[in-house]
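Sending over a structure as structure tokens; questions will come in a sec.
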Amino acid sequence: MRLRSTFLATDTMVRTDSRGTRYLSLKLVDKTGSVDARMWRLPAELLHGLDGPEYVHVEGHAHEYRGMLQVKVERMNVLSKDEVEEEDYLPSTEEDRITLADELVEAGRGFENTHLKELFARIVADEELWSAFCAAPAAKGMHHARIGGLLEHSVNCLRVARALAEIYPVDKDLLFFGAIFHDVGKTQELSWKEGGFGYTTPGRLQGHVVLGDRIVAAHAAQVPGFPEELALQLSHVMLSHQGEREYGSPEQPKTLEALLVNLVDNLDARAAMFLETTHNVAAGGWSHHNNPLGRALYVPDEPSEGPEANRTKGDAIAGN
Amino acid sequence: MRLRSTFLATDTMVRTDSRGTRYLSLKLVDKTGSVDARMWRLPAELLHGLDGPEYVHVEGHAHEYRGMLQVKVERMNVLSKDEVEEEDYLPSTEEDRITLADELVEAGRGFENTHLKELFARIVADEELWSAFCAAPAAKGMHHARIGGLLEHSVNCLRVARALAEIYPVDKDLLFFGAIFHDVGKTQELSWKEGGFGYTTPGRLQGHVVLGDRIVAAHAAQVPGFPEELALQLSHVMLSHQGEREYGSPEQPKTLEALLVNLVDNLDARAAMFLETTHNVAAGGWSHHNNPLGRALYVPDEPSEGPEANRTKGDAIAGN
Amino acid sequence: MRLRSTFLATDTMVRTDSRGTRYLSLKLVDKTGSVDARMWRLPAELLHGLDGPEYVHVEGHAHEYRGMLQVKVERMNVLSKDEVEEEDYLPSTEEDRITLADELVEAGRGFENTHLKELFARIVADEELWSAFCAAPAAKGMHHARIGGLLEHSVNCLRVARALAEIYPVDKDLLFFGAIFHDVGKTQELSWKEGGFGYTTPGRLQGHVVLGDRIVAAHAAQVPGFPEELALQLSHVMLSHQGEREYGSPEQPKTLEALLVNLVDNLDARAAMFLETTHNVAAGGWSHHNNPLGRALYVPDEPSEGPEANRTKGDAIAGN
Amino acid sequence: MRLRSTFLATDTMVRTDSRGTRYLSLKLVDKTGSVDARMWRLPAELLHGLDGPEYVHVEGHAHEYRGMLQVKVERMNVLSKDEVEEEDYLPSTEEDRITLADELVEAGRGFENTHLKELFARIVADEELWSAFCAAPAAKGMHHARIGGLLEHSVNCLRVARALAEIYPVDKDLLFFGAIFHDVGKTQELSWKEGGFGYTTPGRLQGHVVLGDRIVAAHAAQVPGFPEELALQLSHVMLSHQGEREYGSPEQPKTLEALLVNLVDNLDARAAMFLETTHNVAAGGWSHHNNPLGRALYVPDEPSEGPEANRTKGDAIAGN
Amino acid sequence: MRLRSTFLATDTMVRTDSRGTRYLSLKLVDKTGSVDARMWRLPAELLHGLDGPEYVHVEGHAHEYRGMLQVKVERMNVLSKDEVEEEDYLPSTEEDRITLADELVEAGRGFENTHLKELFARIVADEELWSAFCAAPAAKGMHHARIGGLLEHSVNCLRVARALAEIYPVDKDLLFFGAIFHDVGKTQELSWKEGGFGYTTPGRLQGHVVLGDRIVAAHAAQVPGFPEELALQLSHVMLSHQGEREYGSPEQPKTLEALLVNLVDNLDARAAMFLETTHNVAAGGWSHHNNPLGRALYVPDEPSEGPEANRTKGDAIAGN
Amino acid sequence: MRLRSTFLATDTMVRTDSRGTRYLSLKLVDKTGSVDARMWRLPAELLHGLDGPEYVHVEGHAHEYRGMLQVKVERMNVLSKDEVEEEDYLPSTEEDRITLADELVEAGRGFENTHLKELFARIVADEELWSAFCAAPAAKGMHHARIGGLLEHSVNCLRVARALAEIYPVDKDLLFFGAIFHDVGKTQELSWKEGGFGYTTPGRLQGHVVLGDRIVAAHAAQVPGFPEELALQLSHVMLSHQGEREYGSPEQPKTLEALLVNLVDNLDARAAMFLETTHNVAAGGWSHHNNPLGRALYVPDEPSEGPEANRTKGDAIAGN
């Protein structure tokens, strides 16, 4: 597959192959993620690699190597920082963030419980909070570590929750509210503006579980007549969504809504870890062992009958 | 609530209340589950309780006591075994088993993958296996421990899996097959015919994970041209569905389909544990601590605005 | 040791000794704790024991049996509830609560940090909170499970913290504040008014760690000009005082003050578990294995040279 | 000790010693294992080390350094691949594989149970399986990671099992069968033909425990009249030999034969880990900490009375 | 099987069967272990059971009930303590203790290492120690909890160690010494003279690992010229024989001899737990779940071909 | 802050900054600890870094970088080994060791228990032991890893213990003895003379817990009339001071004195880990994550009101 594009080049190292030839090993990063690359026949200015991350224009071929996608670079020119938009190289959701946000807002408008409905509206109306919620990553590196990742995760949780509400006798609005906002504390726990993703000091000292509980409690306190019992249940959903104490929830889920929010959160997080880890793995190939799920993952070889015939959506090839 | 019905009476004990009066404490069991009961003003023949479980006709009142439903027995007559149908007193699903089974069969008919479609058809055509699958409990006591429980669990897993197939790029047929049949080994691991639910000797020596893998592999071997790669993926789904080695899976899930089957299984099992534990708990009340989730569970007090207004279905009161 | 006193008699059981004689086994409870008792030569009205807990007047002897204190009852009369003050039989601190509370108030007055000093003063001025703080037990049953137990625990923590402030370069006021108030959430987590000690619904759904953080944050928000950084550090002390996530702290201690509060809390709790478990154990004897420390505990046999010569204070014999 | 031999040279790195002199650090590998080496006075062609593993002819001295054997290289010539037999440099058992295999076959011929005897004969007669069994390593890297390693491990397990059969009331044939074949699934779990040792895809998706159970079950199904109860016990031995669920056995050992197979397997594996880790450690020296047993291991300094006087066999010096 | 014998009757309870008839449930204990028993048609003096353990003469039948041996008592007379020898009813080894002890002494005489040989001789010559070693149980209740149990365990460990010394390059004398004496500290950790088996105060405060190390070190200090290095290795074997810190060894085994002593100890302990738990279980039956191995154990149904044909020794029926 | 001083330079690496300029990254070590450093504008002799650790004279500036102290080197001259005293560059306590030792000796002189008093005196009189005790580090790397570190730790433990003796009814002398000498086995477990800190062979095979118990027991055996019960309690304090089996104590603390020694040891060790980890961290900054406490640690930003106003002592800036 022919490739002509710009990337952020990182992790460059000069190595020697089994025939004694020097080559450059590097990572090419853009909004969609990263891919391993190799370059032989090094021009003089690349003989010693790059001095740290640089924006580059690359020509080459993408091909499969040991079951994973790899780029063979033919030409590579370093760009000046003026030539690029830095944000084009921050990992970012491939979905349309406005569409995703609208799906959430629509859900909130459909609430029957007037208290939760108003609470939802107030959160959306809090511009600083809502814009952070739509931009934040869902984690520093485990899953959905990209601009808009928290939004993606929240939408997925809502979609699964909708199916569950058809099966179990649950307070729909409370479940949906929790599915959407359980991780709202990440808007204060994480920072994502200075290039990389990191933790804030309040994030490290208090954690997103407590920060999220406070955000929701503070807005609920503004809703006139918000019932104390509902506030208590809501707080429990927020505090217990990590499921177990060792994952940072001071109490385990003890209501059905809290339990389901925890399970839905866990399900989408693990599915995302799988998908992100196998992003560049070809059919029949194995990922590296060292990933958030702690085991090598397998992308099945398509059985004979019509490859991808009933695979529902998405592809596993990094493009640009 | 006035109550006139027949039950299996178990766990009878004579106790003395705080005013020094003797009373009978017992459990009343029927198809729908069990409820705690108390009887004062004991007739002579009940002064020393019952000698083991007995079928009884009871008159009394159901009322709430410390947040849980309890029956105050006013009259109780022991029935002879000839007067009852034993199976009426085995816990059993409240759903219609034929309807549930049809939902599964219909799903199998919709498969696009012809190999999996034929495999599914052969399993349904194996009368002994299929009828066991529709009758077996899903566990000895943790969740869905009732006639038809395995069927209920399989249907719920399929329903959640359908929602996931809309979200993640998954092999739908493989996911649905796993969602439905991951626990098929329980038809050989558990016994449910001699009154109670228990483990068979093969169940204890091999476990339902391996037994289920064998059942599916044996039927797949009968399907002409069943692809080896598909058989391998299918076997992996069966073997890894417990998710972690310490829960009895010799390998962790390493394909997306295997991972989702594990997560869906876990989700429905935990939801069921919650619902079964809180079956008799009134709004605002707490369950006993000693249940499969290992913590007291809370059934929220309805907030002021229209009780149950948006609760989706089901009730939490034992009836007959 | 001759004994004539009133108690709450609980756990009465009729047993038969090795010579075939019937006797009554029971526990005698008063403010100071409980002691095992036996009664032979049962009068007619006690032949079948008591119907639940009763207030009794007892005459008998306290003696040592298998290394633990036991009472041999000679006479026992049941009292009517009118004859007793119920609170005399609720386990309660032996210390003077006013003196203990004064020690804390005095410490707060000595703060150099004006913000923390005012915060402390506001908490003391919040009559409902402060009187709850001076009355609450420190736990349902692990340690300091008695009226005033939280106060005792807080005073001990302060005293140890004072020694640490001489050794480590610490923010004294913050350390002392945390030593005193880390468990203030127990005033909302526990209930102690209806006879026994138990958990409230907010206590079970949110836990004392988060409840305490909220109490302190709410009062700090009332102090004009309370620095944000100080509020953050304070919140961290409250949230992390359990030390590890599996003990209910959403974050581990990451400042020196938070670390020391956690260690002091743990130290006093474990010392109290030891002392309460060995309350009735004689020198050279062993406690039961089944206690909060999870092992049998030993009260050393005094070596020959002057028993108790340098034992600092306290005794280990239940009196009345 | 003078050394003149050919090796596979791996892990070459150019370093600088404490006097500022450059030297080459490398590993010398042959059939018997590997040894650390150093080379000073580098000729021009080695100034930058080697470009990956190369076959070399080495002259130098083996000596002890910090308690471990090390080679000081004086001359080193790179060989062309035509000059060597690749298999001479794959780690391989030092025992005679035919003799070992005969010991097993002889054991099988001595079985009294005619069903197990025939099953054993069929496995030996399955040429593909049996030759794989005699060639496979017992693990990728933990212990017996060498050609013939599985055979060595099986023979050792049989030998220990023979002693146990004299002590405990056990079904000898079943115990010996399990001791020999518990790891037969490794013939399908591992690959050892393309130079290194690795996992196959079925190995990662199903694991050697289930693969081995299937191999044995498939062969037993070919033995006419093989008793179902015996097949069940045999399957249990295969499935439970890892001892605990977290080590990959779906059920724990529940028969005496299964328990002993598990314990014998564990014993030989750990002894092998010890011996392989201390292969190059001199008397009185310590191994590296980083080995399969997770701790530094000690090879005792011989006490004064006749070194090695009663050490039974083997030596700990790598030769060629 | 007709039964006429004397026992210690314990755990007597009056119960009511499913037809409402009262019966006595009890345990019958003698030197060989214990068996469950039931008695119907109670004579007047047994209507309320026994007041604690009593020596009894029993007539009845032993039969199988739910896969376990049970005695149906027809007559039972209480004996006076003068009629019995108390020690006849303390669980005790069925082996001849003198023969077992001789096997150990003979092993010690065969040592080649003169230091260990003399150390061994001194331990045997220490009459108080040696007679305690030959009488002590190996544990309070886990395995070999019987008079002579420590001796039996030591002999078994020696026998397995002999097989290992043929396989691994080990210091034979050190291995055999450790196999025999690793648990010698149990002579001071346990008490077995006052009827039951229990822990001493030094046993609880120091544990048998340290106590055993001290015993051996004290005797080695008496051997002139005992090498320091040998004393260190010996001490390491004693201290590390529990294998892991959480089992009470302050260090893990780091020499081959220490590792093998740990593995042999573990092997015999687990085999004994199996055998003792299944003592009364019939072929094809399951033990109770509640035993030291923490799982129900299975005694296989003999396959058709000649039951017990190749079972090596022992039987599983309690006799007298 | 201008800096002119001599150090041991370690961990030198040549790196390239983001503008492509080469610089040297290194660590500067002296008695007081270590600090990260960077040097640009490399003179010819430093272009390839240093060949291992070298003593150097440095001129430069200390400044804060990402919240941690860092040195920017301007000039650096390598010194010959003759020019330096090696011990000046071994990390060492900043306290006066004689003053610290006197504080302990004084405490021993104040004992009321004559047996413990004499035991203490004998330990101090054992010149080899006492001088080792005053020189040893308290650990290889976790905390107090410096000459005199064991002494510092012992003094701190004594100081905390004094406060506890005012609060709990404890045997003061036994508590103080344990607080001072619980780690005395480290004098034999660790080596600190050949430049770095390491483990001895007895240290690895027996551990400081058992070694310390032996040292104290051997000296107590020299004290005429030392009571056996006191020796037992003392031994228990020594053996159990690690608190849990998994930390190397063969028994958990079961007396109050043993429990408090364990808690005090733990408290000072953790406080030291905190202080040593944050040594170079500026106010408002975070330490590296990789330290003995296993989490990044925070040095609070001073709130507005008078920085350090009530911070008790010490500073966090490395000087010379």
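Odds and ends about this structure:
Going in written order, the chains are labelled A, B, C, D, E and F, and every chain counts its residues from 1.
Keep this in mind: contacts are C-beta pairs under 8 Å (C-beta built on N, C-alpha and C of every residue); 3 or more make two chains touch, one makes a residue touch a chain.
Worth saying up front: this structure is predicted, and the values here are computed from it rather than measured.
Where touching is counted per the definition, the chains common to chain D and chain F are A, E.
Common neighbours of chain B and chain D under the contact definition above: A, E.
Farthest chain from chain E, judged by C-alpha centroids: A.
For chain pairs A-B and B-C, the one joined by more C-beta pairs in contact is A-B.
Here the C-alpha atoms of chain B line up with those of chain E after a rotation of 120°, rounded in steps of 5.
Using mean Cα coordinates as chain centres, the one most removed from chain F is B. One simple way to say how far apart two chains are is to compare their mean CA positions; for chain E and chain F this gives 47 Å. Computed from the mean C-alpha positions, the centre of chain A lies at a distance of 43 Å from the centre of chain D. Within chain E, the positions touching two or more other chains are listed as 201, 204-205, 233, 236, 254-255, 296, 298. Under the touch rule stated earlier, the contacting chain pairs are A-B, A-C, A-D, A-F, B-C, B-D, B-E, C-E, C-F, D-E, D-F, E-F. Within the complex, the chain E residues that touch chain B are 16-21, 284, 286, 296, 298.
By the touch rule above, chain B contacts chain A in their complex via residues 112-115, 156, 159-160, 162-173, 227, 229-230, 233, 236, 252, 254-256, 259-260, 263-264, 266-267, 270-271, 274-275, 278, 295-305, 309-316. Only residues 201-202, 204-207, 209-210, 213, 232-233, 235-236, 239-240, 245-251, 254-255 of chain D touch chain B when the two sit together in their complex. Chain contact summary for the complex, chain A toward chain F: residues 51-53, 201, 204-205.
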